[in-house]
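Below: the structure, in structure tokens.
First chain written, first letter: the chains are A, B, C and D, and each begins at residue 1.
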């Protein structure tokens, strides 16, 4: 069941194996997201977990090489790509405070005049995508290029069926887009923005791919090819936003249990960063009522408990 | 300044004249709506007021024959036209409770799962338009036909410039439409719905036209040609919804000061009903901070004070 | 079952009898309020209804002479007593807009800096009581004196057991009092205010008593002894506030169905005013989910349908 | 200006000196809290900062030995003292999620049925105090004993004038207490609870005292005398709650800029933890609009920038 990628990666493998066994024994695993068919069809018994070290070594257990729908996980990469381009100006258009409300809420957006609480709620991610689109002309393409480069996987791609399905069920995001546009906080036409956004959400990638693509955050901003994407300070800042805002309305609980910067998606994936050490990606499609993978959170909880690698 | 339409209409003319003089002496008149150019350009010193009696006699003072942008006033007619067709089923898709929030608020809509509080906030009017569109295939056309027939004015029409302007500034209404669509409470494609909605808002009509078009509510449901649009009970109900919800977030204050069912628009017009007696329409483009015509509310307040014609 | 008070009162008696028969045939009647034992013990099958004419004639059906817990109905009288004393200054401390939220909500209070939406939600009634207390030194005593005089019933009194029970379960009202005090909108010490308030809520009175006590609102401000409590304008205003705010979160529905100014209490009573004609009081302890008497609303709906006496 | 406590503490002293110089050069420092006279009288030019190492060495710059009003900082210690006694049961009565609203908000409390969002907003701290009071009979006394022991300062004490002043301006906290009591989430009588709470807020302590009193969180739960207060896991959890919820509505910004678990008070103090390394306490009475010390946040920002000691 375990596949070792390199000999140097022995350190955490027994930990991953023990976690996989533990997960395997656990009955309830939540329910897959059901708002689009492609997600609803996922088997909640699937489970994979990967660790990527700073040198690019990656290894894992279970379905760690199986591509799944990344969904909101890509918000981290879009944020980094835009932050690298425009720097702190971004924060005039999106805040970086945790949201006390569910991830789609329009309430806070209205009380705060169209400025989303943070870049990881849908409204905030739309703003970040809009800004990256303005700067690059192809936000989704930039994302894809980046993910392929960092993961070393040239076959990583959008899932066109998922993107089309998101568009069909996209009224809430359309509402968010138009609502922020009414406050002057969206530059591109809303349909263009939504197309870019849904393509980003549709990226299919494996735990291995995502753990590797996240390593620049554990390396304080340095990409796989040794070039710098973010300053040391910006990398720290992205980690901070992940920790306080990365898991919808459960950020406090995630920090409490796991104690690592992390970002989840409704496809059942979660990425996490141990700054200066390694990155993790776990996948299991069954979600809790707050939209986070049940087995995924449990696995990360187990990892920090067994290794003592929490930031706290 | 006063134009009499018939000899039988002498009753309230001295009252209207006295009100017009009073208004003329009052300095502050609020500011015209400024979200679209056509409204912003209006002179807040304009003032007109008309009374229509049950027999179709109409008379007025000031600019009572001057067409202005009806805006939300047409929501009353759209409601009546849809209610006449589908009856109480409508109330499963829109409530009839006053809104404690400003007229564009998305907050209550979210807490109440996409069911707007009442047919006179924008969200509720979108739902009514959507349903009338489904039943007629041309909601705006139905409205126009009705208004022309009741007012006896075949030249009453949409203002295409205003409709285009509304569309250009339509992000909030687009957000409302998509948001309710995400709850399954909109049948038609949102762009189709918005086109119908903005055309309705754009109708240009005079105080005389609107006072006449409203008389079916004073005649307990009977149209100008003697046919019945609404049952006696439905006409009473529309009046009740006007009294509790007709003036945005100021319905309580309007009931307190004026004591009549009324409906205002951001074009500066207000219609009001004295059940079994007559209807009123007043126009002056300057608005208070809650979106109601300053001179218009004062004029109606004066009318009920001078005549004792409040429903209370 | 029917008791006639005077020969002149024959007009509406057949209507009341027909309503009582209809109510008798209706199965579901809601559930009594259960937050204090005295209310929870009420039999939801009880039903009484009275009409009082302008000359003080009163008659009714069913349990129309049976005292019940008036609860929020007394808020109307406290409002009138304070308004008579301080006039429009009151409206700087409490608004007169319908509340879009349930009757105990703290949300709107916070957004509006401690100014309650209207005098009939608990927060607003606390403000009115506080102000009447400041002006009289004994707000509850003033209320009792007034109710005895208008009803002609010297035995009408507080129910000390109910008042004590309210105090025991008074944390929400204590929270409201302290919260408004933090905004400087309460003059008296909160414990003093609560004592006055709970005593007012505890008044026990019959349909006959309350219909008579309400007649000053149908007589445009004139009390039973011919003296004036409110100006004509103030009486109209109190009626307007009842219509827009008198039945918790169901004011729109009540206006739509009944079409009269009314005020309900969780004891199952409702008073209503036909301006210039008569007053009504109905009682049945079973409540709907919004706190209004199920049979009470149905009976008033029947009354206006059968008599055509709606204000609309 | 700098006082060294031990020779081993040389490491961070130059850093503190540089920060103090930087602060000294910075003009705007915010305004002291003004809701009670004792705080309003503080000079916003005051500044002190201390570091405590794991072995109990403490040193600092500026007014680091000057007692100030700790206010909300003591919420951390009360949380730890109660968590040590009752463990995870506490989390059934208070959540551990960031609050999207200002620190006194009643809104979220109402939407979440009397369960506060986290132990560091006032409502949550009242719940924790209430529970510690139930378990010890003297919550404030427990706190004082703990703070004296950990700081080694037997003169550390309540400020009776401040406590009395808080009580005089205590209507908001009284409202919170009664409101939660109405949901059954408070065990003790509200006046008893408030007395305990206001005494805790009134504790006067210096940067040196507080840095030392916080070291158990850097030592993974071990007190100054070598005994264990919290399990390793609980200490990590308290740090996580501090990071996500410790600075009112600015937790995201604090994590972004400082990147350490921290807790601020409106007296102008902030404590922070570098897990496994040291603790910090900074004091300067001028606050920003979110209630955090302007110079305090800047000093901590400088510290993590200069030392690279962020958890990210």
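Observations on the structure shown:
By definition in this document, contacts are C-beta pairs under 8 Å (C-beta built on N, C-alpha and C of every residue); 3 or more make two chains touch, one makes a residue touch a chain.
Small disclaimer: the values here were computed from a predicted structure and weren't measured.
Superposition of chain A on chain D using C-alpha atoms only gives a rotation of 180 degrees, nearest 5. Two copies of one chain, chain B and chain C, touch each other, and the residues they use overlap strongly: the shared fraction of interface numbers exceeds half.
A straight line joining the Cα centres of chain B and chain C is 32 Å long.
If you average the CA atoms of chain A and of chain C, the two centres end up 56 Å from each other. The centroid of the Cα atoms in chain A and the matching centroid in chain B are 49 Å apart.
Across the assembly, chain D contributes no residue in contact with two or more other chains.
Put simply, chain B touches chain A in their complex at residues 105-107, 110, 171-172, 174-179, 181-182, 190. Across the interface of their complex, chain B is touched by residues 95-101, 108, 117-118, 233, 235-237, 239-241, 243-245, 249-253, 255-256, 259, 261, 275, 305, 310-312 of chain C.
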